[in-house]
Amino acid sequence: MMKWVLFIPELYYVLMAVVFFALSLQRKSEPRRLYTWAVILSGVGVLVAVLSARLEGMVFFDAYRVDLYSQVFKLLLALGTFWVVLTCSELEGIDSRQHAEFYLFTFICTLGMMMLVSAVELLTIYISVELSSYCLYLLVAMRRKTDEFAETGIKYFMVGSTASGFMVFGISYLFGMTHTTYVAELMKVLPGMMTEPAAIVGLVLALSGFFFKQALFPFHIWAPDVYQGAANQVTTYIATASKMAAAAIVIRFVGFSGGESAVFIKLLVVLSILSMTFGNLVAIIQKDIKRLLAYSSIAHAGYMMIGILSMTQRGYASAIYYALAYLIMNFACFMVILKIADDGHNLKIKELAGLHKRSPLLAMTLMLGLFGLAGIPPTVGFTGKFLVFAAALEQGYLTLVIIGMINATISLYYYLIVIKAAYLLEPVNPYPPVRVDKWTKSLAIFLVIAMVYVGIFPDQFVALTEAAARSLFI
Amino acid sequence: MTSMEMAHFPILTAILMSTVLGLIVIMFIPDGRDKLVKQVSLVFSGIGLILCLWLYHAYDVEKGGLQFVERTLWVKSLGIYWFMGVDGINLPMLLLTAVVLFTGVLTMWELENRVKEFFAFTFLLVAGVYGVFMSMDLFWIFVWYDVSLFPMYPLIAIWGGTRKEYGGMKLTLYLLAGSVLILPGIIYLWAEGGAHTFDLFELARGGFSPQVQNIAFLMLYLGFGVLAGVWPFHTWSPVGHVAAPTAVSMIHAGVLMKLGAYGILRLGMTLCPEGLVYWADLMALLATVGIVYGAFVGLAQTDLKYVIGYSSVSHMGIVGLGLSTMTVNGINGAVFQMFAHGVMTALFFSAVGYIYDKTHTKMIPDLGGLSKTMPVASAFFIIAAFAGIGVPCMASFWAELLVFISAVQTYPVRGIFAVLGLVVSALFMLRVVMSTFYGEKNERWAHIPDVPMSLATPRIILVGVIVFFGLFPRMILDVIQSAVIPFVSSL
Amino acid sequence: MNFMTEAMAQAAFWIVVGLTLAGAVIAVFPRNIVYNVLGLVLALTGVAGLYVFLGSMFIGLMQLLIYVGAICVAIVFAIMLSRPLHLEVPQRKLPKVLLAAMASCLFAIALIGVSLRTAWKPAAERGTDWSVATIGELLLTRYDLVFEVISLVLLVAILGAIVTAGFSRRLTS
Amino acid sequence: MNTLSTYLIIAALLFGLGLLGVLQRRNLIGMLISIELMLNGANINFMAFNRFLAPEPAVGQIITLFVMGLAAAEAAIGLSIILALFRKFRSINVERAQQMRG
Amino acid sequence: MSWLFKDPVLLAAVLCTWLPFLSMAVILIFTRHKPQLSSYISIGAVSTSLICALYLLIKLVHVGEPVEYRTAWLIADDIIIPFGYLFDPLSLLMLLIVAVISFLVQVYSLGYMAGDPGFSRYYAFQSLFAWAMMDMVIAPGMLQLYIFWELVGLASYLLIGFYYEKWSAGQAGKKAFVMTRLGDIGFFLGLILLVLGFGDLGIVAMNEAAQAQAIPSYLITASALLIFCGVIGKSAQFPLLTWLPDAMEGPTPVSALLHSATMVAAGVYMFSRIFPFFAASPTAMAIALAIGTITMLLSSTMAMATYDIKQVWAYSTVSQLGFMVMGLAAGGYFAGVFHLTTHAGFKALLFLCSGVFIHEYHSNDMRDIGKGGGRSLKIPMVCMTVGALALSGVFPFSGFFSKEAIMGVLAAYPNKIWLLAGLLGALMTAYYSFRLIFMILFPKKVDATMPHDAVHYHQEKDDKIQIDHEEAAAGHGAAHGHGSSHGHEEGHGNVFWYMAWPLIILTTITLVLGFFQHSLEGFLLGHAADAHGGEGGHGAGHYALLIAAVSMGLAGIAWAYYEFGRKGASQEGFLARLPKTQALFANRWYIDRFLRRFLDRAIYGGLTNVFTRNDRRVIDGGIDGFCLFTIGSGRLFSFLQSGMLQYNLLVMVAAVGLVVLYFVV
């Protein structure tokens, strides 16, 4: 059946899961070999995602749609996964006996998220979300020597379960209102019902589950603790790949309202503002880089929301672009953190001291990444913000955009603190030199180039995201 | 803007690339080759200077208008263009940038600490400055604007002096806070413009409703005003300048502050003429307050760089006042002042830089009697001070003359107050000159050598520029005017 | 007769409702975890009853099977693994309970409000096919993907439980 | 009575009670139990809508079925994490888990 | 460049004005370390200027209409600032004066400044001055005039502060610059007013328009008054007169050239330049007259109380400038200009003579010079006496004629009080001039054994007069300036004669100039002069006045002789018996103290202080406070993220609950 071709990326990830399931059954764990396998397989995964990017069609009785929108996100997911796997050469945060399971859960999680972005049926969406969430719960809880951070797993789990409780409850209302679980029909019917409390509450509750994944205020509460407490690679994965899926599904769900309800939009505006402001303000006082980036991710969920809540094609496109930008620059930052803390400990800001001497390349990558997060040109982060703001202003949200910019300035402050540590501070005791292998080096250079290139030559990327956003509505 | 005009050597891109390439080349120079880094920097900044001079030479004043246009569609869906061109307003600014960069590189010839990074950041900064001045597309203007701002942080925080971390942080945050209003302002205009283009002139042609103009102009004015040192958003300037290393102060006070005024002129006034009319009163008021206030506060400072910082506030007030008059001469004068003040401040900071490098203090009470030990170094400062006072036959005199004439015409009371500010500025400049350079030979600094020829060269160039355009103001004013007259008539 | 059946059904219904809610209360309030589990069992059984009232014996049975049979047993095991029963139970903090009560009351009231204020409209055409066969058929056609994926979920859950609970699948590294 | 809103109210109450449990129980297993209650609330909703509104009676049942399955998986994972925590802290009191803050 | 050579007049003008500039540039850039060469370059340039000026005068003396060359220096929309040359009798005369005195002073400086470490710099600044002054003099438009006016001020600043290692010199330079700047602001505003109201700042155009009443009278009055502020500043009129005495900190030749003969006279020159314009506003003229009078009287009294030889001449300069302003303001165009001319000669002479004494005795104090044997220096002594006689308005000397001319104008003025003031001034002038002469000539006790080199600072401590320390600092002569690296051990050879020749030439001029009154009058007033026989018309009918004026002068001399000259004179003067008055005079009527107080209280203590504090506390503090507030609120919000899971959940649930409730209600 030709239709199965459409399912190839997912199948490929299933295959990977199977491979690692098999590997996990070995008596002896050989981290290096696992790593090599993982890199190769996930690298091919990216290739598969690229090759299948132009596929289009419906499978599984219209429960699963393959279109540009989903394929773009799948590509981003595959890319994020690949990058994360690539940084796993020193997977010190996780017991070496469990490396196979680590890769297994990572790939299954990616699979879940890939299905999430393609699913156009509520039950499928729900299952996919849960699949990826469960993997993440497990990955977070896998951290070795976790005395300090033992509570992380349970916090993540409890918040996540509660949020998914909200989500199911919300979906039940949506089901009650529309009598269907198919997104296509939902999108037809729901905008006309936005005056009914149940419809809008259902939407809001269902969105809570996704906001949880996106770490939007007030569903962010897990983020700081999890970012801090999870193994560095897992944090990286959560901060990059998992955010892509969340963005994709939030865009899809917000689109349900069809922009019909002003109150709903107002709610999103409020959430976006709160998220940006809260994230940025609290990030200022952080000492642990991962925790800082967690708060910054809360803020970024808010920025992304600005694009989404404009409810136009341009808005969704800008949010997709923003997601892409966020993936690249956030990963750049995390990669540097991973490489510096290669023994898997949690990096404090002050430990970056003297980085410009220890590894100029990593320092530069970090700087560009942070400037990108702060929205400074010519990095991709700026272009992302620009597009998002353009979409919002097209709908006339001037105040919102100004608040967003104020927040960007606040965020600059703490990013600068990190940059200062990397470029300015001299370490009190000399830290061990950073080992930068060839792979890391080329990855860093690639990221730097990508951040700048996508930032200043955005045309084709914007066109791509707009095409993707268009396919949301077909 | 026809294709025929496009068919020429993309000189503007070449100028821009001279810095970008310089940056890249510097980055690939292996560590430890400091001398080479400096030479490469000099070569690339020299290329930029030569190209700018050629541009200045080749610009057809008779024809006026936008020349050397490069225009390519950049981002289709948003209507962003790679649109660069030169007219009488930005040509002097480009020249200024090139001169200040070149002299700045020379000034930092003795830098020893992290040379490579310093020049890399400096080139990045200047790339941004060039970009802002050349671009005629709002998107690119903003991009380059921010590019020119953020390297300030490392430049100040790493190589700076007094309270460098505080100063760097304050300056960077403050200036980028300005873009809090600029970016929404730009996009707001785009969204309201209907044509959905960021092309400056196309937007201007489309026009906006008065209400939109009022909002957008205020946003652009305040946003760019921060960088232009508009009172009361000026306090970053002294603090930042004090903290910054010499060349950075030069570039920053000399060129970067002009970006603010340029932005107000190029974006705010071109796109929102009615907004300008609406807010001109406020502009004039703030500018006047800035002129007088800056001078008075400068009077009380004990740090050389603080003094210069406040004098910049005062002088940029003159620019603002000129712009707010909306007359040909006001704007002529403002643009001229931008140029003149740029060169003058660069000279100021470069003179102070030498003194600071040698004495490791820039507190006026610690200095004194420097003329005896380093007459040439002192002479540079004193010349700059005279340029700052507005002594004739220095470039800034003409600018101030034009601005004040139109200011008194348009806003008599504010104009007179602004003119009175000149006395105070004379007072504080001379006070500094006297306390620093006059008086008994200070034995503490007796051992310090005078400026060697290599380090004097950049300063001599700057003095030369000041005096040359002071004696032959038409050399630059005609150019400026070729753009300002049509500009004002279109207001 | 009809009336009797009706009344009995009514009574049964309210008993089931009462059972459910009482079970829920027991599941939440007592500080002894074993009571909670028993309460949960009660509540879940009640819910199973409600499913029957809602016309689906099948789901009611599944409820008993999965929830009461599997989940509750797992919880009991966990309790036994984690915490000896004789250890004292921690004291409650009143402010926390009050705040929690307020928040959840708010939530519940809001939800009740939603369900009462919404004009629920039945579908225009309503099928009457309640047979389990249809469910099975749908599971293998329309919900095929979900059906496959949930096996993956369960695999993950099992593997994860083993890995996380610390019983590593390998004895040595 | 046996109407839609009765069921919806019951579901809401269950959900609320579950929420209350999640918010105030210190015993992690207690919290997990409460989460199960919340899911049951949602399930009642599905079933009720299925009974009173939906065009196809099978769909709601299937959803409920899957939610149950997921709840089981969730419980398994949750319990394993709780056990892991217990082995570290020798406690399943959630209030012990508050080292990370700010 | 061929246009330059086609017209010899233009060529001469360009050479005349721009050679000094060139010389300045060359000296500053190339020959800084070759003092002799520098001086030759500078003197070469200025002597060329002198020749050119002479040539121009001769060439153009009979041209009736003003000759004007102009090119657009700056074209800014409707404002065209020309650069060019305007040759009319006045400018030609002034050009010559400037050239002559510059030349003489520069030659003189060869001796006076010999061996000074800043020799090259000195000549560079001299060239700067010569360039600026000459360009100012022959400016065809007010803006050019203003521009070079400012530059002249710059040169003045630089030269006053020439001995920059002296604190007081720097102070004095600053004071001079700022005070003249204050006046210039008025000038500038006046010009702006004119530009806006009238549109043309060409001198010829302005004058014609004013005469033809083409400018509304309120505009003339307002702008004339504002422009007059420039005169007040530059020519040290009341109330901005105190900078000039302080300016004596500069080397004496500088005082001679800038601060007596030429630069300070620029104000008066400018007044006469647009005399018809001023004349069109009676109000402005009246105010100018009053100010001139006040200045003249005040500064005369000041001159009576000082012992510093240069101070005396400085006050005298102020007073004579006031006198010129009086003459002009009373309508005596020629009288004012004539006095300006003669004054330039004899005042330069006086200063240069004093310079010789100072150079010789390293002291500014006239008692020291007297005791040191000042009269033994014959040439300067004679020359100085001649100068003093001219200053006092004694017959054959130039001062007599010009003073008479002004007196005549004042006498023709309806209100005779101005005449009385003028006469009183003449009396005081003669008194203080000869007080000085006699004190040097007849020192109380000639101490021939005292070596010349010894500097008698201690004697200054004898001064019972309380002088503000500020002025005291300014008042201590320039003698320290050039140290003793040079000196007269080299013999009175070249050095002496470099200094002597200019004196002799100037003396000659002083002696002769007066007799050219009528030809000058004819030249300046053109045909008009022939028509009514010169203004003031004091020819036949005013012998009474003539006698009165001369007798006033003689009376002053006699009085001075009585108190200082005759044998056994106490040499204390009548002021010594009036300590309060003496203090008043010596402290410059407390004008300085008032200004200083004003500066301290209102500017430094008041506005500056307020603004600075505002800047630091309110504006900057506000920003910093805002930032701290932001960080603080971050800390505050971080409490939301307590470690306690359930509290966090509570927040989340409450938030969602509220939202849901909102949609229900």
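Order as written gives the chain letters A, B, C, D and E; numbering starts at 1 within each chain.
Assume contacts are C-beta pairs under 8 Å (C-beta built on N, C-alpha and C of every residue); 3 or more make two chains touch, one makes a residue touch a chain.
In this text the structure is predicted, and so the values were computed from the model without any measurement.
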In the chain contact graph, what is the shortest path length, in steps, from subunit B to subunit D? 2
Taking touch as defined above, what minimum step count separates subunit A and subunit E? 1
When you average C-alpha coordinates per chain, which one falls nearest the overall C-alpha average? Tell me, please. B
What chain lies farthest away from subunit C once each centre is taken as the mean of the Cα atoms? E
Top chain pair, ranked by how many C-beta pairs fall in contact: C-D
Max Cα-centre separation from subunit A goes to chain E
Would you mind pulling out the distance in Å between where the CA atoms of subunit D average out and where those of subunit E do? 96
Interchain centroid distance [CA atoms averaged], subunit C/subunit D, Å: 6
Rounded to a whole Å, what is the gap between the Cα centroids of subunit A and subunit C? 31
Could you state the distance in Å from the CA-based centre of subunit B to that of subunit C? 70
Which residue numbers or ranges of subunit D touch two or more of the other chains? 11, 15, 18-19, 22-24, 32, 43, 48-49, 53-55, 59, 62, 66, 70, 73-74, 77, 81-82, 84, 94-95, 97-100, 102
Hey, what residues on subunit C touch two or more of the other chains? 96, 99-100, 103-104, 107, 109-111, 113-115, 117, 120, 123, 143, 146, 150, 153, 156-157, 160, 164
Shared interface positions of subunit A, touching two or more other chains: 123, 127, 130, 134, 137-138, 141, 151, 153-155, 158, 162, 169, 173, 176, 179, 197, 201, 224-225, 282, 285, 413
Which chains touch? The pairs are A-B, A-C, A-D, A-E, B-E, C-D, C-E, D-E
Residue positions on subunit D within touch of subunit E in the complex are 19, 22-24, 94-95, 97-102
Given the complex with subunit B, which residues does subunit A contribute to the contact? 314, 317, 356, 371, 376-378, 382, 385-387, 389-390, 393-394, 396, 398, 401-402, 405-406, 408-409, 412-413, 416, 419-420, 423-424, 456, 458-459, 462-463, 466
Sites on subunit D touched by subunit C in the complex: 1-2, 4-21, 23-27, 29-30, 32-34, 36-37, 40, 43-44, 47-59, 61-62, 64-66, 68-77, 79-84, 86-87, 92-93, 95
Spell out the residues on subunit A that touch subunit E in their complex, using ranges where they run on. 151, 154-155, 158-159, 162-163, 166, 197, 200-201, 204-205, 208, 218-219, 221, 224-225, 263, 267, 278, 280-285, 410, 413
Residue numbers on subunit B that touch subunit E, as the complex places them: 170, 173-174, 232, 234-236, 239, 293, 296-297, 299-301, 327-329, 332-333, 369, 371-372, 386, 389, 391-393, 397-398, 401-402, 404-405, 408-409, 415-416, 419-420, 422-424, 426-427, 430-431, 433-434, 437-441, 473-474, 477-478, 481, 485
